[in-house]
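Structures for review follow.
Shared between the two complexes below is chain A, which has chain B as its partner in the first and chain C in the second.
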Partner chain A sequence: MNLRIEEIGDVSCVAPVGRLDFDAAPGFQEALERVFSGAGKTPAAVIIDGTGLEYVSSAGLRAFLLAARSAQRAGISFALCALQPAVREVFELSGFSRIIPVHADRASALAQAQQGRA
Partner chain B sequence: MTARSTAVPADAAQLTVLTGFLREFGSAVALDAAHVQTFELALEEIFMNIVMHGSQPGSTPLVEVSLQRAAESVTMTVEDNGPEFDPLSLPPPDVTAGLADRPVGGLGVFLVRKMMDTVSYARISGRNQLRMSKRLDG
Partner chain C sequence: MDHPSVSPRARTAGSGLTVPLPVRRLTELLRAKTRGFAQLLIESRGPYARAFENLIVALIIFSVASIGVESIPGLPEWAMRTLRVAEIVTVAIFTFEYLLRVVAARNKLGFVFSYQGMVDLLAIAPFYLVGFDARWLRALRLLRLLRVLKLQTHFLETVVEERTRELAEKNAALEKAQAQLKAELEVARSLQLAILPAAFPARSGCEAAARMIPATTMGGDFYDYIELPDGEIGLVIADVSGHGVPAAFFMAVARTNLREQAVHHNDPGECLAQTNDALCAQNPLELFVTVFYCVLDPKSGVLRYANGGHNPPYIRRAAGIVETLRGAGGLVLGAMPGSRYPTHTVQLLAGDRLVLFTDGVTEAFNPAEELYGAQRLADEVHVHGGGTPAALVERICQSVTNFAGTAPQSDDITLTVLTWGAP
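Let's look at the complex of A and B:
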C-alpha cells in the first residue's frame, strides 16, 4: 500500500492507496504515528482520505483504532472521509464508524476540522 | 456447480497464494468484485487465525481451502489439521464500546459472521472445518 500525505494548513490529509490487510497494517500505523508527531510541528487534525483505499480487514481496523487513540492522547482531531462502499461496510459492521468520525468527502471533513478549532 | 480446492501451509506468506486462487475462481465463475472481496476478507481473517493460533512448536498445520459455486450461492470451506479450535465459540466483541474501551482484537470472526449468510464449524477426522456461504442475490 502507498500513502500520499498532503498538508492543508495545519491539517494533514493522508490518502492510503491499495489494501490495508495484515501485511500492510503495521506499516500504516507507524506512518500515522509519524504524522501525529509531525516533522517540526504537530498537526491540529489528521484526515484519512479513503478514495484509494480498496480493502480493510480486522488488522486494518486495529491500526485505525490504535491510531485514533494516539491522536486523542496527542489532542489531534482524527477523522476519515470518502470511504469506498466495501470499506464503509466494514467500518459500519464493526461499529468503528461510531467511534471514529466518517465524512462523505474531504471537503466536509476539512470543514469539520476547521470548525472544531473555531 | 463448479468447485476447486487448494492447500498451503499455515504460513502468513501463503495468504497471497490463497487470495490469488480465490480471485481466479471468482473470474472463472463470473463472481462480481464485491462478492470476491467479501470472500477475500473472510479468507484473510480465518487463515490468519489459523496461522497465529494453530501452530505448535515444530508443526505447521496444512490449510485446505475449497470453493464451490452453486446457482445462487458461493461456499468456502477452510480446513486445517491443527489443534481443535472452534472460532465460532469466541464471544462477540462489544461493537458499541467507546474508543478507549474498545478491545483491540476479536473483530475478524465477528466480521465473517456478519458478512456471510451461514457459517458453521465441525471437527471432522482430526481437522477443523469452517464452512461459510453467501447468497448471490442482490
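Let's look at the complex of A and C:
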C-alpha cells in the first residue's frame, strides 16, 4: 500500500491507498508514528483520508488503535474521513468508530480539527 | 581415490613393457609413501598439516629475504655459501611440497594449471633451469622474487578455508535453530488446535459443527462451546487481530477468560464486559479480539447474544430466508477497559440454523483481488443450509476455497453452524 502525506497548515493529512492488511499494517503504523513525531514540529491534528483505502483487516484496525493511542499521548487530535462503504462498515462493526472520530469528508474533518483548537 | 586410475596403467606396464620387479616395487613403495605424506601434511588439515604449512610460509619469507641479502655487494664467501645451501634446501622442500600437492589434488592437471600450481612451479623452476644455462642466472634469480606470490596464495588459502569453515558452522547452527523452532511451532499448533472443542455438548434437538482453517501455522481465530450451570449452552466465535504466535497466545488467554466469565455471568453482554476488562489488564502486545457470544436455552430456543466488534452471524429460518443478527454491539475486546456490550434476544424456531463466522470467510480474496463477500456467504446459507450443520460447514469451506483459487489465504477461516429443534 502507498501513503500520500500532505501538510495543510498544522494539520497532516495522510491518504493510504490500497489494502491495509497483515503485511501492510506494520509499515502503516511506522509511517503514522513518523507523522506524529513530525519533521521538527509536531502536527496539531492528523487526519486519515480513506478515499483510496480499499480494505482494512483486523491487523489494520490494530494499527489504527495504536495510532489513536499514540496521538492521544502526544496531544494530537486524530480522525478519519471519506471512508469507502466497506471500510466504514468495518469501523462500525468493530466499534472503532466510537473511539476514533469518523467524518464524511476531508473538509468537515479539517473544519472539526480547526474548531477543536479555537 | 587414486587407485582405479593407477592400477590399469600398472597392469599394462607389467604385461607390455617388461619393467623389472624391484623397480616396480620401488615405485609402488614411493607412490604409497607420497600418498601417505600427502594425506598427513596436506589433506588431513590436522596438526602436522598446520605445522607443514607454517614451515612453508617461514621458508618463503626467509628465501625472499635472502634474495635481498644476496644482492648486497661484497658479501663474504662463507655467507654466500650458506645462502646457496639454504637455497638448495628451500627448493628441495618446495619441490617436495609441490609434489605432495599434485598427489593430493583430485584433479591433478587442474592443479598444475591452476594459479597456485603455476606459482608453486615458478617458485622452484628457476633453480632447476639455471643448471642448464648459466647465462640466464641473473634474470632467473630475479624470478625467484615471484615467491612472494606463493606467500599470497598460502594466506589466501588459509583465509578462505577459515571463512568457509566458519560459514559452514554458522549454517549448521542456523539450520538446527530453525528445525527446533519449526518443531516448537508444530507443538504449539497442535496445542492450539487441541483447545478447540472436539464435539458439541450432547443435547436433544441441538446439533452443531465447526471448522477452523488457519492462514499461517498459528491462527488467531477460535470458537468454543461452553456448558453453563443451568443447562444452557454458550457459543463463542472470535478473531484475534493479526496471526502467528502472538495472536495464538492472546487467543488462548481470551478463550480462558471468556470461559471463566461465562460461568459466573449469565448475561452475555455482562460476560463480554468482564472479559474485556480482564483482557485489557493483561495485554502487553496491545492486541484485541472480536467476539460474538450467545447463550442458547435448548429447552425454549431463546438465544441471547452480545457482540464485541464481530461480524454479525446469520440465522437461516426454516423457510430458507437468511437474516442477519444485527443489534448494537460494542468495541472489540482488549482495546479499552470499561467498554459496554448490550445484550439482545432472538427466538429460534424449529429447524433454524445459526451460522457464526469470522471475516476470513467473507474477506477471502480471489486472484483478481475480489472479496468473497457477505452476499456469497448468505447465498450459500440460503441455498444449501437445509442439510446437517456439518454439510453446510463443508459446503461453505469448499465454496470459499474454490473462490480463492490460487490466491494465498490471508486470514484464518472459521465457521460454526448450529441447528435447534427438529430439522
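Throughout what follows, the second predicted complex is superposed on the first by the 118 of 118 C-alpha atoms of A that agree within 3 Å, B and C clash if a C-alpha of one lies under 4 Å from a C-alpha of the other, contacts with A are read in each partner's own complex, and residues count from 1 in each chain.
The definition used in the following text is that contacts are C-beta pairs under 8 Å (C-beta built on N, C-alpha and C of every residue); 3 or more make two chains touch, one makes a residue touch a chain.
Predicted, not measured: the structure shown is a model, and the values here were computed from it.
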Using the superposition on chain A, tell me whether chain B and chain C clash or fit. clash
Which partner chains sit in contact with A:Arg98 here, chain B, chain C, both or neither? Use first/second/both/neither. both
Pick one for A:Gln72: touches chain B only (first), chain C only (second), both, or neither. first
Have a look at where A:Ser57 lands relative to chain B and chain C in the superposition and call it first, second, both or neither. both
Applying the document's definition of touching, compare chain B and chain C: which contacts more of chain A? B
Chain C stretch colliding with chain B in the overlay (listed: 74-82, 164-172, 182-190 or 200-208) is 182-190
Would you mind listing the overlap between the chain B footprint and the chain C footprint on chain A? 21-22, 55, 57-59, 61-62, 65-66, 69, 86, 93-95, 98-99
Under the touch definition given earlier, write down the residues of chain C that touch chain A in their complex. 220, 239-243, 286-288, 290, 308-312, 329-332, 335-336, 339, 359, 363, 371, 410-411
Which residues of chain A touch chain C in their complex? 21-22, 25, 55, 57-59, 61-62, 65-66, 69, 86, 93-96, 98-99
Touching chain B in the complex: which residues of chain A? 21-23, 54-55, 57-59, 61-62, 65-66, 68-69, 72, 85-86, 89-90, 93-95, 98-100
So, in the complex, the side of chain B touching chain A is made of residues 12, 15, 34, 37-38, 40-41, 44-45, 48, 95-100, 102, 104-105, 107-108, 110-111, 114-115
